[in-house]
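Here come two complexes built around chain A, the first alongside chain B, the second alongside chain C.
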Partner chain A sequence: MTDLIKLRGVQKYYGDYHALRDINLTIRAGEFFSLLGPSGCGKTTLLRVIAGFEGVSNGSVMISDKDMKDVPPNQRPTNMVFQSYAIFPHLTVAENVAFGLRKSKMSKAEKADAVAEALKMVGLDGYGKRAAHALSGGQRQRVALARALILKPKVLLLDEPLSALDKKMREHMQVELIRLQRAVGITFILVTHDQEEALVMSDRIAVMFAGEIGQMDDPETLYRRPKSRRVAEFIGKMNFLPATVTSVGESIGLDIAGFGQTDVPQDQAPEGAKPGEAAIGIRPETLAILFEGETASRHEAPATVDEVVYYGDMTYYDVRVKDVPEPLTIAMKNLIGRPVLEVGAQTRIAWDERAIVVF
Partner chain B sequence: MIFVRKSLSIADMGKLSNLTGDQIRGIKLLGLPFTYALLLLALPLGAIVLFSFWTQDFMTVDTTFTTRNYQEIWNSPIYGLLLRRSLMVSGIVTLVTVLLAYPVAYFISFHVKPSKKSLWLFLITIPFWTSYLIRVFLWKVILGYNGVINSGLLELGVITEPLTFILYNVNAVIITLAHAFAPFAILPIFVVLEKIDRSLLEASQDLGESKFSTFLRVTLPLSMPGVVGAVLIVFIPTIGDYVTPELMGGAGGKLIANMIQTQFLQLNNAPLGAALAIVAMVCVTAISLFFVFLNRKYLASRS
Partner chain C sequence: MKLRIYAIAYLIFLYAPIVLLPLFAFNDATIIAFPLTGFTTHWFTELTQNAALHAAVKNSLIIALCTAIFATILGLCAARAGAMSAFPGKKGIVGFVMLPLVLPEIIIAVSLLVILRQVLGLSLGNWTIILAHVLICTPFSIAILNGAFGALDPAMEEAALDLGETRWSAFRLVTLPLVMPGIISSMLIAFTISLDEFIIAFFLTGSNPTMPVYIWGLLRFPSSLPVIMALGTILVALSIVLLTIAEIFRRRGVRRSGGTDTGGFL
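Then we have the complex of A and B:
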């Protein structure tokens, strides 16, 4: 894949407020890329910088090796799906979709065909004559998609496109967007604050905090090997335990509060880790409650159930382990024949050093 | 009263004493505004309509029904001339006012900081702090033979003798009215511009339009309800204005409202004045309905 968008040392100030701090980013052609972060982290600002709605205070934005410094939004090879969808209320669905075709050299009939094709692609076949204001949220979003994709941009920018939809519709549209992106082969850049959405949809994710990129990786690496505690906290749930790094070498020797001593491979710890105080993280689903007759394949520890949250398919337990300051969260699938424990029950938990991340 | 009719079936109509609590509450709620509307709107209008079908018989009013007043209006060219002039003056005033108001409203909505907007709107109302009459007289001072404009231009040597086409004619009436009604045009346009979702403008630029073509394709069509509102708000009262043409219009600048006033107060012919008022009202209504109809498409898209 070739590099399509390159951001080098991008800074953005609003007065004294430092919205983007030295963003370096390369996005490849055909990639589904997500900017993930809490509100106010600068992810939307970054998207608007790429679209051209915001200038940069410092640094450069290159699209297809062309500097975008003095290129206004209407001349960039990008199109955007706005958070509010920004459907023109005075136009019909077809007029909305055809909005960007005014300057194209297509004949009237060709334009009508292109509009029909774009509407078909987003599943709105035959909606062309409807008034835009009579559409539901999901339909508006499809119109916004069709309106942008009909122009065959190099990059499609999506600003929290699913946040206004209800849960069912959102999950449905996630799958549709992935399918659409594969079908058209256009680079998608998605801004979202929903970590699950980013994990489901993206080829790569940049996690942003306070105007900086905290980590940029594929979803699996990001989830399994978060490089910092704030990334680990933002993506999914993670238990943190105090630990001491006892030795550094081929593998890292650890003494974990409540769990005892173990060794983990180098790639589960930050580069240049030194002996001394540290913390380790472990995901709730990599821990397990041991029910009667079960034994741990690696390590186990006695525990007391502190809290039970029943989700139907899953049960989340908070358990106390001796010498661990905070209760540990454990996610257990509700398999056939598996009981749901009561608060206060004595049990044993299994843990595995391969799931440990050292911070 | 309308509420009662709608909510009672025909069988219930005879026994109004059996009203439910909701219905009584409805009557109580509607009663006062309905009486108010009846006394202040319907009654005077009805009186004018009634008068227009009577005739003046020297000192008394002959109350036999006749269309003589309307025939006279139709047959004497003076009334048609005045009516046409009134419509033309109001039309030009409306055009000038709305064309000048739009950029002001646009500037306040799009280029003034949100925290400063109410200050700007406040400043626009400053001319209203003084009476309408005084504002008209001030325009006399500005436009007069020895007025500010003429003496200024004479001093500067731009002109050698005072301009006379700026006072005591239709031009003076148009200038004065356009100034007087400017805020009435600015406010409705400002309100619709404020309501336009700014992301629509970005979307338009994102889809390849420049700032100017975005204005033509998005901002202007979306602000049409405000423009039509401004047109109506300026057009309707200017037709009926008689103070400005009286003071600024001279002999050639008199309008239909001056004639109505003359009929009522000087010639003591209230029935003819009433008939003139009805004719003017019908014209205004017809033109207003046209604009309302024009606006429907835009208003429908806002629902």
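Then we have the complex of A and C:
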């Protein structure tokens, strides 16, 4: 894959407010890339910088090796799906979709074909004559997609396109967007504050905090090997335990509060880890409650059930382990014949050093 | 219950004089007094034959039209600046622009007269009245157009830009049609205000009086009172029609751009 978008040292100030602090990222052609982060971290700002609605205070934006410094939005090979969709209410669906073709040299018939094709692509066959202001949220979103895609941009920018939809529609559109992106092969940059959405949809994700990129990786790496505590906390749920790094070398020696001593390979610890105080993280689904007659394949520790939350397919337990300051959350599948424990029950938990991340 | 009585009393107090206008305009007597003596359209016929009145009406229409256009253009600029960009001192400037709304007209009239005649040494004419009317109508235009722009999603114009339009064509193709109801409503209101404005016109009028000034002149002749009633009837009807159309357009604009109704004078 070739590099399509390169941002180097991008900074953005709104007055005194430092909205983007030194953003460096490279997005490849054909990639589904997500910008994920809490509200106000600068995701929209970064997207608008790429689209050209905001200038940069410092640094450069390159698209296809061309510096975008003095290129206005209407001349960039990008199109945007706005968070509000910005469907023109005084036009019909077809007129909305055809809007970007106004200056093209296509004949009327060619334009009509292109509009029909674009509408078909987003599943709005035959909606062309409808008035745009009478559409539902999901339909508006599709019109916005068709309107942007008809121009065959190199990059499609999507600012929280699914946040206005209800849960069911959102999940449906997630799948549809992925399908669409594969079909058209256009680079998608998606802004979202929903970590699940980002994990489901993206080839790569940049996690942003307060104008900075905290980590940029594929979904699996991001989930399994978060590089910092705040990334780990933002994506999924993670238990944190105090620990001491006892030795560094081929592997990292650890003494974990409540769990005891173990070794982990170097790639589960930050580069240049030094002996001393540290913390480890472990995901709820990598821990397990040991029921009658079960034994741990690696390590186990005695525990007391503190809280039980039953989800139908899963049960989430909060358990207390001696010497661990906070209760640990454990996610258990409700398999056939497996009981749901009660609060106060004495049990044992299994843990595996391969699931540990050192911070 | 008591509240309703007050409300009815208030409405009678407010509208009784206006109801009396058509009553006497169609009354077959030169003296304005009860009992009514019979039905006639004579006073309306007389209206159509009065050349001086026609000149005054024409004057007023020209002034009202120019006022409507200029006030709306100024209102458009101000409302757009207010909606799109935040600049230092924005609140203060907006407040200043809206000031003529509460300034007594007589003060505007006298101060303009002094500036135009004494300070600048200019002669009076229709354009001086237009100037003053634009001054008092612009705040109304701004208020109406602020509502229209406020209900507009700022992403609309950006979406048009993003789809390849220039700043100007994006404004023309997207923003303008969406605020058009506001523009029409603003023009109608400015037109109506200017058409029956008296104090300023009285002070600043040149050799050609406007319609309200001409009517005031007629009052010296008791025999022309029924004619004035007839004219007044037409004016009231016209004002009601124009203001209703203005309000319809304003509401349609708010609805079309998908916002909730917050402003408006009616």
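Just so we're on the same page, the second predicted complex is superposed on the first by the 359 of 359 C-alpha atoms of A that agree within 3 Å, B and C clash if a C-alpha of one lies under 4 Å from a C-alpha of the other, contacts with A are read in each partner's own complex, and residues count from 1 in each chain.
Methods note: a contact is a pair of C-beta atoms (placed from the backbone, for glycine too) under 8 Å apart; a residue touches a chain by one contact, two chains touch by 3 or more.
These numbers were taken from a predicted model, which means no experiment stands behind them.
Student: Taking chain A as the common reference for superposition, should the pair chain B and chain C be classed as clashing or as fitting?
Tutor: clash
Student: Contacts for A:F88 in the overlay, against chain B (first) and chain C (second): which applies, first, second, both or neither?
Tutor: After superposition on chain A, A:F88 lies in contact with both partners, chain B and chain C.
Student: Just checking: does A:Y316 make contact with chain B only, chain C only, both, or neither of them? Give me first, second, both or neither.
Tutor: It touches nothing on chain B or chain C.
Student: Examine A:M80 and indicate which partner it touches, taking first as chain B and second as chain C; both and neither are also allowed.
Tutor: A:M80 sits against chain B and chain C alike.
Student: Touch check for A:A131: first (chain B), second (chain C), both, or neither?
Tutor: first
Student: Overlap the chain B and chain C contact sets on chain A and report the shared residues.
Tutor: Comparing the two interfaces on chain A, one with chain B and one with chain C, the shared residues are 51, 53, 72-74, 78-80, 82-84, 86, 88-90, 99-100, 102-103, 133, 147-148, 151.
Student: Give the list of chain C residues in touch with chain A in this complex.
Tutor: Chain C reaches chain A through residues 153, 155-156, 158-166, 173-174, 177-178, 256-258.
Student: Provide the residue numbers of chain A that touch chain C in the complex, in ascending order.
Tutor: It comes out as residues 51, 53, 72-74, 78-80, 82-84, 86, 88-90, 99-100, 102-103, 133, 147-148, 151.
Student: Would you pull the chain B residues touching chain A in the complex into a rising list?
Tutor: On the chain B side, the touching residues are 197, 199-200, 202-210, 217-218, 221-222, 298, 300-303.
Student: Under the stated contact criterion, what part of chain A meets chain B in this complex?
Tutor: 51, 53, 72-75, 78-80, 82-84, 86, 88-90, 99-100, 102-103, 131-133, 147-148, 151
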